[in-house]
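Chain IDs A, B and C follow the sequence of writing; residue 1 opens each chain.
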Amino acid sequence: MSDADTLLRLAALNTEYASCIDADRLEEWPGLFLERCLYKITTADNQRRGYAAGIVYADSRAMLIDRVASLREANIYERQTYRHIIGMPGLRSGEADEIVAETPFLVVRTMRDGRMDLFATGVYLDRVRTDADGKLRFAQRLVVCDSSRFDTLLAIPL
Amino acid sequence: MSDADTLLRLAALNTEYASCIDADRLEEWPGLFLERCLYKITTADNQRRGYAAGIVYADSRAMLIDRVASLREANIYERQTYRHIIGMPGLRSGEADEIVAETPFLVVRTMRDGRMDLFATGVYLDRVRTDADGKLRFAQRLVVCDSSRFDTLLAIPL
Amino acid sequence: MSDADTLLRLAALNTEYASCIDADRLEEWPGLFLERCLYKITTADNQRRGYAAGIVYADSRAMLIDRVASLREANIYERQTYRHIIGMPGLRSGEADEIVAETPFLVVRTMRDGRMDLFATGVYLDRVRTDADGKLRFAQRLVVCDSSRFDTLLAIPL
């Protein structure tokens, strides 16, 4: 796979990732991860200091599915919407069977009354592999947020 | 045309689209649509409820040309500038002769005095076809805004 | 080099450019420019009026290296972080040995206390060439900001 192909396949994965969250198709979001995976939301500060703990942490697709179920129960998701704008991935060297990439993102939140605000910016640190069915899936998505000030609503996937 | 080519040609069309609006080359904007086309600005709420009416509606290139002329007469466009940041398109399945895509966007507005604000976020629902001259043009661009609160200035293309 | 390759190589250069600034690897930023180059930050207003002077101006890689050294001494960079979101480049016609492109950008600033704001939006007017080592580098990057209201912090590269 050429670098150009890799870039475009990654970009397509990111577009699908954003669409699952922003169009409220949350149930499809865990399917973009491998069964054994790492999904973590953390801050640039914590990342720099080497803190392993994340604000959100999941190490399997099953945990991501649970998380979506909790969000649906809490009904928290209905109160606002999100819009991800994801930059082009920057490829990093990795092992032969995986793609390592860093990708900047920005999320705008729109409240029910129409107000919009900058909700989060940061970088995705990704490890992506081709799964048994030939699709690219996340082995790791580390969401490193620029801001350390978090809303209680950060239970929402970023 | 491979998916990679399609993605890049769509991205180029979107870049040109944004440039026409943001660099105040509005007169070139209708030329990115087919003669018979659909351009509509609506909200996610209205879209969900199946309301057909849009805040802005045009079903031909001629109507888009009229709209630009009105904007020039009203001189409304001089008072602020816009900056579109458009994500990578997500391809959807469509008929053989057209490309169907969903593409996230964000628009920042800059006022004459230098203040900037988040003006709009949302998703473009597009149907794109190759015209007689070989260029890609919009058969449909549905601009679905996340926020339902609109400024009177929304006469401006998004 | 096909247009598709050109677009993707430019996008990769932009991703690397943003990463140098946003991940605080400022020392690597001058290496993305040719030894003889033009880097200028200006405003859309000044650009329209044909004012040559920029808010920041450098015409060699050495000047960019000096600028980074000054920023480190002033320690100004530690107080906030930036996040660039860069759109896909729009190719323009240029001389045979260079790529001419216009690329929209948005920068969000995050303060130490976690507050985020829209710091700048605008367009990069670029001339890019293949250097002796085969890498693409900027012969020119003109940063044209939409807003004319500047923070004193604009000593930071955009």
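Everything that follows uses one rule, which is that a residue touches a chain if its C-beta (ideal position, glycine included) is under 8 Å from a C-beta of that chain, and two chains touch if they have at least 3 such contacts.
What you see is a predicted model; the values in this text were computed from it and never measured.
Chemist: Quick check on subunit A against subunit C: do more than half of the interface residue numbers occur in both copies, making it same, or fewer, making it different?
Modeler: Interface between subunit A and subunit C is built from largely different residues.
Chemist: Working from the CA atoms, figure out how many degrees subunit B turns to land on subunit C, in steps of 5.
Modeler: A turn of 120 degrees brings the C-alpha atoms of subunit B onto subunit C.
Chemist: CA centre of subunit A versus CA centre of subunit C: separation in Å?
Modeler: For subunit A versus subunit C, the centre distance works out to 27 Å.
Chemist: Among the residues of subunit C, which are close enough to touch at least two other chains?
Modeler: Residue numbers touching two or more other chains: 4, 8, 85, 88, 106, 118.
Chemist: Which of the residues in subunit A end up touching subunit C in this complex?
Modeler: Answer in residue numbers: 3-4, 7-8, 44, 85, 87-91, 102, 104-106, 118, 121-123, 146-149.
Chemist: Would you pull the subunit A residues touching subunit B in the complex into a rising list?
Modeler: Subunit A reaches subunit B through residues 4-5, 8, 11-12, 14-16, 18-19, 22-23, 81, 83-86, 88, 106, 108, 110, 113-118.
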